[in-house]
Amino acid sequence: MPDRLRRTSDLSWSEYRERAIDSVVLLPAGAHEQHGLHLPLDTDAFIAEALAARVAEAIDGLVLPCLAYGARSLARSGGGDGFPGTTNLDGGTLVALVRDVLREQYRHGVRRAVVLLGHGENDPFAIEGANLAAREVRDPAFRVLVIGWWHVVPDDMLASLFPEGFPGWDLEHAGRVETALMFALAPERVRRERIGSVDPVVAPAFTEVPARSGRVPSQGSLADPRGATADGGAQLVKAIVAGLVAAIEASFGPRGAARP
Amino acid sequence: MPDRLRRTSDLSWSEYRERAIDSVVLLPAGAHEQHGLHLPLDTDAFIAEALAARVAEAIDGLVLPCLAYGARSLARSGGGDGFPGTTNLDGGTLVALVRDVLREQYRHGVRRAVVLLGHGENDPFAIEGANLAAREVRDPAFRVLVIGWWHVVPDDMLASLFPEGFPGWDLEHAGRVETALMFALAPERVRRERIGSVDPVVAPAFTEVPARSGRVPSQGSLADPRGATADGGAQLVKAIVAGLVAAIEASFGPRGAARP
Amino acid sequence: MPDRLRRTSDLSWSEYRERAIDSVVLLPAGAHEQHGLHLPLDTDAFIAEALAARVAEAIDGLVLPCLAYGARSLARSGGGDGFPGTTNLDGGTLVALVRDVLREQYRHGVRRAVVLLGHGENDPFAIEGANLAAREVRDPAFRVLVIGWWHVVPDDMLASLFPEGFPGWDLEHAGRVETALMFALAPERVRRERIGSVDPVVAPAFTEVPARSGRVPSQGSLADPRGATADGGAQLVKAIVAGLVAAIEASFGPRGAARP
Amino acid sequence: MPDRLRRTSDLSWSEYRERAIDSVVLLPAGAHEQHGLHLPLDTDAFIAEALAARVAEAIDGLVLPCLAYGARSLARSGGGDGFPGTTNLDGGTLVALVRDVLREQYRHGVRRAVVLLGHGENDPFAIEGANLAAREVRDPAFRVLVIGWWHVVPDDMLASLFPEGFPGWDLEHAGRVETALMFALAPERVRRERIGSVDPVVAPAFTEVPARSGRVPSQGSLADPRGATADGGAQLVKAIVAGLVAAIEASFGPRGAARP
Amino acid sequence: MPDRLRRTSDLSWSEYRERAIDSVVLLPAGAHEQHGLHLPLDTDAFIAEALAARVAEAIDGLVLPCLAYGARSLARSGGGDGFPGTTNLDGGTLVALVRDVLREQYRHGVRRAVVLLGHGENDPFAIEGANLAAREVRDPAFRVLVIGWWHVVPDDMLASLFPEGFPGWDLEHAGRVETALMFALAPERVRRERIGSVDPVVAPAFTEVPARSGRVPSQGSLADPRGATADGGAQLVKAIVAGLVAAIEASFGPRGAARP
Amino acid sequence: MPDRLRRTSDLSWSEYRERAIDSVVLLPAGAHEQHGLHLPLDTDAFIAEALAARVAEAIDGLVLPCLAYGARSLARSGGGDGFPGTTNLDGGTLVALVRDVLREQYRHGVRRAVVLLGHGENDPFAIEGANLAAREVRDPAFRVLVIGWWHVVPDDMLASLFPEGFPGWDLEHAGRVETALMFALAPERVRRERIGSVDPVVAPAFTEVPARSGRVPSQGSLADPRGATADGGAQLVKAIVAGLVAAIEASFGPRGAARP
């Protein structure tokens, strides 16, 4: 489990004052969404938060409390809204939530924020929230990076993890990559005995409203989670953290750099 | 720290299906708000979540992920928005968030939900969210209880904790009660050495926009936290959990009762 | 009934121009809500408007038209939404209404505004509206005071009105204080013959959605209105007006002071 | 001034219960808007409320508290937003206000409601609010009539009032008709000495944002108010009330008819 | 059919950059609404777009893509929402759409925009959208003209077209004027054989929600379209284009003038 | 250019009544967004509309007017908001627009609708709008398919078009595929002479707010448009139409089937 040393939630207001203003502040944005039979409903939130803690350690940044609920799950990338427990926010709710949290950090002096996504469906709404916050504060010095951890997984690592060919990120829902990450980050949270094959159903890229039954594997995983290992997960974590740090430094300048 | 056994976030979707529908589901609603020099920014969220876990244990219920951000802090009850780190949601954002999370539980079959408040300012907006969810689902069998832990603290316990007279819940922000609760729930999270007297300033009950300086104690605690003890906190926790259980059973019927 | 001399509604635009810009402008915010068997549905609006007129007289201010509809009535402080006639605004509607009216006064040059609440449930939404107006105008010189008349009733007066102990403002709905105020302000509007005891039911501080029957006295008054007198009401009016004037002057500086 | 006997604001909740459900309930919708040099800012609200009281008397109906603030004033029909005191609601705010008030009457059993407009600019937004309320309640038995008093002024009366030709309702802002109505309804509220000619400027039917100076008469009246008389006003009131009653009965059936 | 030379939709981004910033940019705002038995559902959009193209030609301006859907059709001016195909936007949707499109043109440097209405019901919502855009950009140099083509039809032309007296613009829905315009602009789109008399029903100026049957002619035309000719239409087009150009030049200064 | 025979905009209301209710109705959803130096700003709208017309022909369906403005352009898939002419709708605006148009078709009897996307960024917001419409109408017989034309391009066709390897749909903005489609659909709208190489810049998959310069090729095309041919485009059109027809029939059943 991520340590708490870099969490704003652990700071008092005076500690936040000392630490936050010149730091990069990370907002993990997860979901409460089915993740197959073997992973918990908070998988996206948990991974985002764990990675954010590691990134914060690397860049001397801070982590805000994770958004525990995310955007509507889609059949193609999350199985859709039919699985029990999947708790969708309306798009407008998530937009407002991201906007408000970012705007408030700006109000306290923060100028560099990262929304670290653990749930693919959050991406457009988090970007919208960041844009609304930016429009409202009217200060180009305020900069936000909206990034999913999957955006920085190196191609060669995918090639090695998927010798049969990488099926694409949409299908990697509760599949080999997320399972490997959970093995690395919190092995006790994975129900090993429930890892198994999944129905040979490939959810279409388009979306039907209401969802039609039979469009996603009945297990909830969109791809076969077998083959995930803690070792593979540890390599992924390492590569992702490095990739996120590189993206952040490319966007905001190297740590220690004066604020823009 | 609360155990994770009752958390929906720990369940897979099939476990949620088995467990949630006939259960009372609790949604803790906290804040990311200054709590004096000695308590962390997530105090309201942490207390709400910890109490929810204990209540869930007592009534065989479940706990949803806590809302980590809350309604605008008021000078009179939270010190207002000036302290660094205090991260206010707009009222409409919180309303939408509560509405969405409740509506989704209903969609999956839940009929009895509790919004357990750890932050006083959340109360009206959580009630609004619950009303909007109820209006939308149009099913009187769906019932929501919106309750703050302070609503059930027995008067005699307050009399004993405050022999000089209880100053009222608004002022009990980062004061003796919250500090005692944190001593009982997570003593390692209290900065003991920073507990001290607070400026003899009493925030007015009315609200000035923008906030005026000098209206709240500069420490952030609205009342003196001294005198808080782990023992007092443990008694409070016990009494609050009992009070919450009683309120829930009064609203929804005793555990084990058939759903309405 | 309050005289009309201080009402913006009585002014022509050229008179408003002369009078308003350097004045404190008061916006009474009432409700259309049950007030027991003996008081009219507009009690909160009527009291807020009457007090605003007296305050305006004292500080050479102006009174805007009262908001005649207010926030959702809660069981604990207004009996809830079940009583016929109670006309709740959604929270977002009241927020927008307060925001718009304040923003427009600012647009015409007003820099000091008071939202004078006659209905407890309006408080958080009026504060939200004032904050949104302030955020929009982006001018710290624009200052708003959101205040309920009950915020300034002196403790010793309560002690004298309630020798048996003051039950708290939430329960003082259509009880002794509001009834006394109506006796003083508009005795002809009180149905004397319908003043009587109320069911010995104490609404809980928490909120159930939907409301459960039997949670509030069937009469609608949350506390016994007997014992209210016109004399007591007159003293209350005097003390409240003085208290409001003091709060306004503390916030905005004494009348006649140059604008900030 | 309209009598209070038909006002819901004067009723207790039990009186509302007896009276409202089978009645036609009228919601006057006014404005706080410049009305030339001789009429007060609440002219639209005052006329709507006064006419509603007379209509309610005629049909044994009830009058809700008037909406005191209205939609954005347009140059062509209200002089626009530049005149001091003109207090515009955003369109969305007025829509929500009308929707909420109507929905709440429905909730209490009312099935026939009239939004009686005193301000032309309210029309589209009141219609929108009525549509949203109807969509929400999903009951075709709930019927709303949105009507302006000018919709029922007989042509022959206009011909007689304007022997030189009626300039159209848009220009009749603080002109001969409204002035005559105020002479009839509240002569003491008309500044007789300030009635005079107006600049020979005719506001265009289209709208410029921001408003351009010189587009409306500097007095604020869009047409010459001279020639208005109390007698003419009394005839107008009589004809309008008769016209409104006829429209209401045409829409809802004659008074005394069983509810649909 | 209007030529495409002046359409922003035909430009590449670099051509827009060269052409738009110093130009007047026109946004036609139509509807998808019944227009009797003889005209197509896009009549309002088609006319607005065709006139905008001609105006753009005259003033060296540009035309944005037409808003193809418009505000809720009213019985009095469009037949109401009962006719199949009539596709109403909620008021708030249209407001947001106009606001966004205008705000984006401003962002790219445009300072003079015209919303050219083809649908009467759009007027208040387009004005609202223009006001919200103006409030947001906070730059008085940004100016918007909201104008319907009917605002500039000369009285003498109406007198000539309607020797029996002009029935007013509300009733001119799919009547003689719109039919003549379509004859002139796109004769092949008029079903000549379906032009005929209409029921002698005059929709009232007020609005009933839900709409009552029998309130508008069953054909959908609110006035008799017979008598429309291509010649009359051509004269109307010419006069309207001249009127629009005059209004635009009056608002923004003559073409070629330096930007304000 | 697509023929108009299948467009609802070309129908009168009585024709819509006959044709629409049992038909599949297609709503093309485009954008007004830069498409490199050689394609017009309406490329996404134009392609969506042209394909919708062909699909409608194949399934005996109807095409609604295209949404001419789309969701915020992202750097990674559209170049972002910096290119002149790119006209972004706020997410909430597009959601409301799609919701309203779909809800209105349902109101008139339509039960099978397709939102045919021409702009990748529309996808999540169109899905949101479809979900809100479905939630509102509360009728599971109402079914919506949200689909982008790129969702059905066969892999082998991509392999043949991109012998060097397909770079992914995000980068195919104003690249070889869109250019080929425009060559096939409207060759006269392609500026052949401006087709050339693009800067060797690959926009990152994550999003920076505000956009940083240098992140996308300065031409606006995200991938090299060279190699696009009319023949290739014609094959793409044929394959896409077939793919869309197959997806629609898979979702709604074959044409001619009874409505569900």
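Descriptive notes on the structure:
Should a chain be cited, it is by its letter among A, B, C, D, E and F, assigned in written order, with residues numbered from 1 in that chain.
Keep in mind that, in the parts below, a contact is a pair of C-beta atoms (placed from the backbone, for glycine too) under 8 Å apart; a residue touches a chain by one contact, two chains touch by 3 or more.
What you are looking at is a predicted structure, and each value in this text was computed from that prediction instead of being measured.
Looking across A-F, D-E or C-D, the interface that copies E-F in more than half of its residue contact pairs is found at C-D. Judged by contacting C-beta pairs, the busier of the interfaces D-E and A-B is A-B.
Here the CA centre of chain B is 47 Å from the CA centre of chain D.
Computed centre separation for the pair chain B/chain C is 28 angstrom, with centres defined by C-alpha atoms. Contact with two or more other chains is made by residues 90, 92 of chain E.
One ring covers every chain here, and the order obtained by setting off from chain A toward chain F is A, F, E, D, C, B.
Within the complex formed with chain B, the chain C residues making contact are 71-72, 74, 90-92, 95, 121, 123-125, 127-128, 130-134, 140, 143-148, 151-152, 204-210, 212, 247, 251.
Within the complex formed with chain F, the residues of chain E that make contact are 7-14, 16-17, 20-21, 32, 34-42, 45-46, 64-69, 81, 83-90, 92-93, 96-97, 99-101, 104-105, 107-109, 189, 191, 194, 220.
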